[in-house]
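Order of writing sets the chain letters: A, B, C and D. Residues in each chain are counted from 1.
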């Protein structure tokens, strides 16, 4: 299914449920996609950071895409993450995704290598030409270790290389300046700016963002769909109240003991533990070598879900 | 003049006008303070980053404080930055400020040294005890090279060590979680959360921030006072429109050629060039060894001011 | 060919010559391998950072390995880089390398993802078990954005998970402490510490390193073989003089204009321009999207080679 | 006492002994200086990082300088750290030091502020002109958060702005390239390159460094004086053996529990605990708000000293 331009609304980055043995749990993944579509999301994003794309080998990635695109069944478009170090490798993933029916590709600037603005522009242009699908730039400095500046993004928006930006930089000041400039140049009808910062969605929509890609929407898609609807209707106080509730719910990403695991393992483990506790997926396992949440942490997740009204 | 608890509203971090010879230009500084008070700000913040505190020797810092406190003349309280590496040195500045009649102290965690959460808590407790004035923690990772976490801040808010936080981290997601937690713990009546991110003030106020400390308010205090008023009255669309205008105005901080100077010199030079072009201060010089803006850059600043409606 | 334990000597990380169209130039790669073996290196390392592994897709990587292993023809062992984000993906590369006859695997800690010491240890243990080949940890913080500490490395050396370390961290102080501790624990007979810091090889060997993996050895293998021989014979002044000469030669990595390209493009472009000028490879192209060296830069490389006695 | 050009040999950065109440313990500081001079060091460096300069207020800094210069009594020159954020503030410290009889000044590039190469050059030129004393650039990226590049240092060495460099960057590859270039330009007779990396002194001297500024020399000055003498006499194997012993001794900087304190507190606490256990200083206290070593940590320090032959 092809993408609307600009893409708007709630676009959850799907978690990737695994079996206890580490294989893709296609039944649970289908159930998760179904739940998100039922909540009213406008597209699905498979193989992002929340989807543990970095941990999945190529075969597993293909299974994920086939499953999500099959589950969506043309009801909503599916964006496919094509996460790899540099152009040639990203293109391999992008072409696979195109062949499987993805509606768009999400790719970062090169990483592991040290790079340069000229190379980043060339990288995205080659990806757009080679993949033949709408391309979203994925700005995630926590992983790529450099921010995509608006100087880098705006020319690529203007010449049609990029269909949009997923901004997971957390730099909402830079996002504001980008949005003001996108509108000033008349690009906002075709270039979609999506915030990946799930804690400031009300502010981002107030600032003019087109949509949101919140990892936490795996757990509470209805909350983000409500938040988005309040914002679009100008009910900013209710949008803020919903965002506050979701910000409190975000505590489930901190359940892991920092002495035993990193923040990423804790967050991804928290999402999956919540989905498991809520009965959406069969097994809360995260991919190796991530540290699994301990019993105490799972209790914390349960408690946060109860406080947030997501478990009785 | 003593501080209200919590401190709210617009609290501009004053630029420090200099003479061509590098001395404090007390006439211009008084004029700047007068202009800000006239615009309706709720307090003044002297000797912050926008005030080039790091570049001023102790004598100059004292002159700045005397001048600003004299200009305020009891109409609004004056916060004093006490910027130094560690506790004993910060305390020296804080005591000077207390003696001169400052209403509160703004201090960072230790820097230059490598530090630890236990030391940071001890640092702020010693500052609060030693200075005898309300204490604001200044979270500015660009300078201190570490973020003040909410785990660090919340206990110090709860036990009265901190009267507030100036959050110049740009991490609005962390700010949102902090605000939710401050309210959940019932601390928001006494602990003031001020955003220093001048580009997302509408979102921060929507999220419940008490006020804002925008460097750009040196140039356009009326804009920030209007933005604040719109937000407090629930006119969020108008608040956002005002913020958009201010975000476009922020382009004056980028006027300097990045091949010739750093971003900080460009921003501080841009503020001062604007104040000079608008007739508020007599000389646009920044403190040595910062690189001064060239002619082209000053033209850009003028153009941005004209576009923003601040110059005819 | 299997690896000696510990591996010692000069182990060049081979550049990957490309055709003008971007394919692997197997003729030139064979010639390069032949030249290095002829100079007396003790092993070859294919698909490292100097080999642009991050830029090569899986098919190209396989071609590189086949070519280098074929060229070595059992005369020296071949280490294969298995550069990817996390365990499952690295294992795919490692198994391919094992199938092609590599003598050992070189892998980093997880990257792109945020990780934790417990996960890093688990990662290397799974790699060792899954690949069935001697495993070298690759410490390259410039790419991985975290240093492999000696606390992480020593237990993995002691239990046989790691056959060695390629230290490209540039932190020679940490290297010294590691070497002292490796000997104190009696691990130095089986665990090989190789420095990747081509500018301090004399000091690293004086400190007890087993060998060296210098990118610059693509250009001047004889120099590094002489340096190694001087050091092993205790001729430290001659080793230092040779190292000084090689440090001057390293200027060829800086030939690219920093306004036009990043340091990595300049360095890899410099190696390849040198090999091309010296007639070892047919085409100096680096992989997309790297910026190629301009004419001026190639002149600089030629000049440096002439000064270093490598071109008449 | 004026400095020789170039300055060579062992130049310990003195610890600053404190009384239990936090005042400068001038008796212990004199004893420490006496011990170091007796061991044969070539100069003393007061108010560096090892001297906790960042933690001392101006009065305490003055007391330290008076004490050390008095203790030296013209037998060796005294370098004075002038550690502060920017030019005007550093100059205040530098002038005080000049007035007290220091032989040279050691200063970093600006910190806390964001800066630019042009500003850094201007900074050092103003310091040299204003202080009227030989000036050493202090490269300590762990504190300043940027490295002093050789592009920055070489012109300042060539025009006489800098009398030397104290390189605490730990980047021995960059140090090697700098040394090669200093000699190529004929600057090594007047410009002194001192390594602050106490774990690679043998390699740095082999590379041509003029001397060394090792914090650990507070604890074992004889070891560093022997190491220096071996190196100067070309006895490289004995130099390396001495360096190995000192690298093992360096374990006393790790005695602090990382869950309770930062690495800096542990290192400075370890030096002082060692000096106290050896009877050189009266009290092991470090300046607030650093976390003091616990009993277990002090036991570890004692054990390391015993293993290193410094306690019976």
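Keep in mind that, in the parts below, contacts are C-beta pairs under 8 Å (C-beta built on N, C-alpha and C of every residue); 3 or more make two chains touch, one makes a residue touch a chain.
Here the structure is a predicted model, which is why all the values come from computation and not from measurement.
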Item to check | Interface sides of chain A and chain B: same vs different residues, half threshold | outcome: same
Checklist outcome for this item: So, in whole Å, the Cα centroid of chain A is separated from that of chain C by 35
Next on the checklist: Counting only Cα atoms for the centres, state how far chain B is from chain C in Å.
Outcome noted: 49
Item to check | chain C, residues touching no fewer than two other chains | outcome: none
Next on the checklist: On the basis of the stated criterion, which chains touch which? Give every pair.
Outcome noted: A-B, A-C, B-D, C-D
Checklist entry - Once bound in the complex, which stretches of chain C touch chain A? => result 54-58, 60, 83, 85-89, 91-92, 110-116, 118-120, 122-123, 126, 142-145, 260-265, 287-291
Item to check | Complex contact set, residues of chain C against chain D | outcome: 170-174, 176-177, 180, 184, 197-200, 202-204, 206-208, 234, 236-237, 239-240, 243-244, 247-248, 250
